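So that you can tell them apart, the chains are marked A, B, C and D in the order they are listed, and the count of residues begins at 1 in each.
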């Protein structure tokens, strides 16, 4: 695994939990974690339960005792590491976004396909029990024909203008702001649940144009005093309308300026026969409405997806005991490990990473042009 | 009608709305409203749409052009007025509580039955669409055998010790505090929904024992400066456990000290097949759960009782347009008027007032004794 | 008053309630209600409490004993009636939309201004206590600089393809579908709360293109058997993005196909200091978040706008007793009557009707063109 | 550790997570897990990450390489194992209930105190961030004087009469039903949050008196066909009223027959200055109301206890990322390990187990007698 910060911790935890709570056909052996700072990565290896560590990912990808590489490094490093790992015939699992731009993403997909290695991208929210239930409901036809898809992904960690300039706010490292970071999740969930995008049009904002630069930055914050200000080169918020290929109308907004909303990742889908609604802040619940219910008793049901009937829930605790954010990582890790071990089908792959990137770029292009942009055009 | 304050206004409004939104078999003609203060009652008569007014209820009950008397006076006057009206052969409709104590209430019921007049008591919450739906669900057997009934009626208007000593806090006028005022509603709803009480045990508190006496008090407050303190002679909160005759376990709490709860009148009923829950603060909604729903899709439904299928809702506005507190009065007034006009069945009557009073007094007796008290014993 | 159906009933009720629950400087005298069908309008006049009725609005607007005309007729008749009333020097209060198109609306505004009569448009939702509180919070600066405004107005009464072709689905009578009927309310609330629109871009759908034509249609439904199908000539759903003049990003969606949503008229406003959220289905509540709250205790507050501190709430019932949909009409009627009686300021006027129509038409133009349209352009 | 089923898994996971997400002063080394079935315990040891296993707890408690023993065996085995471990000078951490009855619990406490070993009991819910926040708010005086404490712990896994007779339904093994299993949690939270009980009175039910006996039972269910029925010897539901020593009124209900409620462990505390409310089904949230808030803006706040300011939350994920049921075990394990390693204060201890048992038995005694029972009496 490359990277040992927020996502490195989440992924390490996931592999450990897979062994404890699931029965994959192959056990996960956590060989080595990799980071540039030897002291930091050594500590992480011990704490997170890795057998060893490396400080140079070029060495990591060449090790014979390693079958697959999990890439959690900052977004600007994804492509180079992935291509090297693929060249060594390793299977690869990559954090989103796949790359800083669409052409890089396509290059990665082509390389993986050519090499015949297995590949995955970490759209973890697909694997929460309530989202799996949503997918099952849509696929069963219980919602009927889909008319509306609306998603929000709202956070507020940037609303304070004194929040420092983290790497996520620099275009050259992050590629994009709220759009690439969190609209990416909403786009993937929409594709997962109701299918492909046809055309889009959007607008965006960078509400605070300059922020303090700290001596050392880490994750969403940093340390040291702010000696100067630096320019924010990504969007604080991006919203867009979409037409889907199946005729549905779509509406998306991602913002890091939505005061009071901490992780308000929601979708609401209206079909001719029913509606479902989900919110990451109550990730164990799915709101469900069926028109076929007796009229005087119809209403949104709050389904608690913690029962034995719900996918993955039975691997954890008895009825009514909720799980948290990190469990999505455990489930996706389990599915990918199963995919490697037994050849069971797996999505999302690099192709889903490319499809998501196409929509992201079509939105950016629509903002530049001020008109609708067909996703096929980019 | 006797009384022109809070309840007088609510009842006057109800009669006017009955004519506009319903089609009773007889039109309501609002003859006269009665109060001791001529200036006040005259203004009220004009404002509320009464043809005339009286300052002496003894004259009111003797008027030949009046068929029925609605009694909204303070609780200590209910009995005398009702008996006089009944003696004149008038039909009577009385605010709750029927009387200050059980023996008075029984006397009123006996008089009404003997005289053969029609009688009703204003347990208005029975007549909200969501509560009617609750009743229909229970009666249909959709909840199965009832195991649990829990009710709260929580307010917080007394939590400030400087809130003055209103008439509702004096035992000789109000008869009781939170217990008689708001547990009474919960008891009536429980009887309406699942049937009779078997035995009870409770406890209570008067958290603030003395309060400022204002020069003039009106409704829940008053005017003028507080020259002295007076003793609070009723309970601030009363809670009790109950066994129902059908075997269900019951739990009730009424408080005027539940900080933050304004009008939190709720019930939750668990049966072997389902559960329902209601809250007056969202009175248009009923939460409903059915065990027979497909397990992976079962959940509490938020049923908005504003649809044409819901009783009374169709008399108001189109789908999804909510109604408020006062509409319960309109509906009970409509049903009582229909009862007078066409002989359609009507409850709650004075008998329901007596039954409710029995439970209230059994609870008080249980507090005195420290043991369970059978309702039949009082 | 012209019109005696859904809106006619709501407005009649409002005038009656104004007299009972408010103290306007002039009493409302309900002179005459007007409709083409004599039997129908006569019955309505009696039921709703009007002194008389007319079957020809041309006669109504000429009557000397009438000071102001309330226009509730179908949208295609608004202009002609209003111009005639204005020509007679009557004050006018008109249901929304002001007219079928922008040029008609502008003509009505110009006529009213030239004649010097007072004019109002029935954007009733402005006058609910929780919305008044929202306005007060925004104006006080407690939300800081506004970044995001999102509104939904979702209903589902058309999702059944067998729902008949009501007048609201014909462009020549209604002017527009969900857009003009319910986006109009959202646009007005946005203007009321945060100010003017700069530019917009939208998309729309007519999901069901043909519907059964009933022999007689009334309100949202009709009677008789369906002998043929007729074309739906308005939108079932319209969504759009907006930039506001103050820099905020806006997002709007109106639909009659949002299964399970009955009257889901919501707004959520994110500012640099706080957020507010409101939903018509729980119209007494306002969700409020303040960044200045102690961090470990910050959270969305559910403010129940039923307390004496909240505008209009004190005119109704004690603390915690909720009101319903129709009360917004009572409050706007009170304010307009006060405006007539005492010259107190009043909005929304015909000018607000025109402003709203401009945004509606800019959205339609943007749909036609596929590009952003400046509101000033239309 | 003794026991490897539901609780064994939860505790094993906790120890692993402590090492990864916390920095205790001593690392947890997971030496051995113990169970009677060698195949089962061996598999568990591997899966859960233990170095070895034992099939006889008598051998386990004698091992020199083990400092503390975690007891997860069925309730009837707690005492014997704990006394043996204490006799060997091991520190002990025990699942609740401490023992099958009060005298056993007292004997365990006395033994632990006499031996000077450290002891803890697994009231895990104390250690959720939202509950820690509740404690901090109460202790800070922000709620003022406490007037009301109400708790529910509602599940529905027994409502189906065909649910088999698990060990939890046999008095000789489980000691008690819903009362000892889940009222125990509510009693502990009440003591933790507002202090000691004075007197209690309760009632209970066993709604289904006989259930199928399966060939082999495990956890809440079992396998094989039901050849006969066996008697349920514990309560399905127990409710009680309480007076607290600080004068507050208390109300508790535990049920396994609350249809639709999966894990509805809630408390609501009303004080003279504020109110808090919590629900395990949304365990990351605390509802908070303060009277000192500006009246027109006062309302229940939904505080998401996932922020860096909230205890333990910072050890997991960034702002707004929720945690689940099992995290309470990780936190209590961390605190107990710290207690062993550094002597930091720790509660709940065996003394808390005894106090809880006293209340449980006082309630049972009150049910037997039909009168209030002072907790000091048992």
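Following the convention adopted for this analysis, a residue touches a chain if its C-beta (ideal position, glycine included) is under 8 Å from a C-beta of that chain, and two chains touch if they have at least 3 such contacts.
Fair warning: this is a prediction, and the values are worked out from it, not measured in the lab.
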For this session: Return the chains common to the contact lists of subunit A and subunit D.
Result: B, C
Seminar exercise, completed: Given over half shared residue numbers means same and under half means different, the subunit A/subunit B interface is same
Seminar exercise, completed: subunit A and subunit C have mean C-alpha positions lying a whole-number Å distance apart equal to 41
Problem set entry | Geometric centre distance via CA averages, subunit B-subunit A, whole Å | 54
Seminar exercise, completed: subunit B and subunit C have mean C-alpha positions lying a whole-number Å distance apart equal to 35
Seminar exercise, completed: Two or more other chains are touched by the subunit D residues 261, 298-300, 304, 307
For this session: Spell out the residues on subunit D that touch subunit C in their complex, using ranges where they run on.
Result: 133, 136-137, 285-286, 288, 293, 295-304, 307, 309-310
Problem set entry | Parts of subunit D lying in touch with subunit B, wherever the complex brings them together | 143, 147-148, 150, 152, 154, 156, 159-160, 201-203, 205, 207, 237, 239-241, 243, 247, 249, 251, 253, 255, 257-261, 270-275, 289, 291, 298-300, 370-372
For this session: Show which residues of subunit B lie in contact with subunit C when the two form their complex.
Result: 6, 9-10, 12-13, 16-17, 19-20, 47-49, 155, 157, 219-220, 261-264, 280-284, 304, 306-307, 316-327
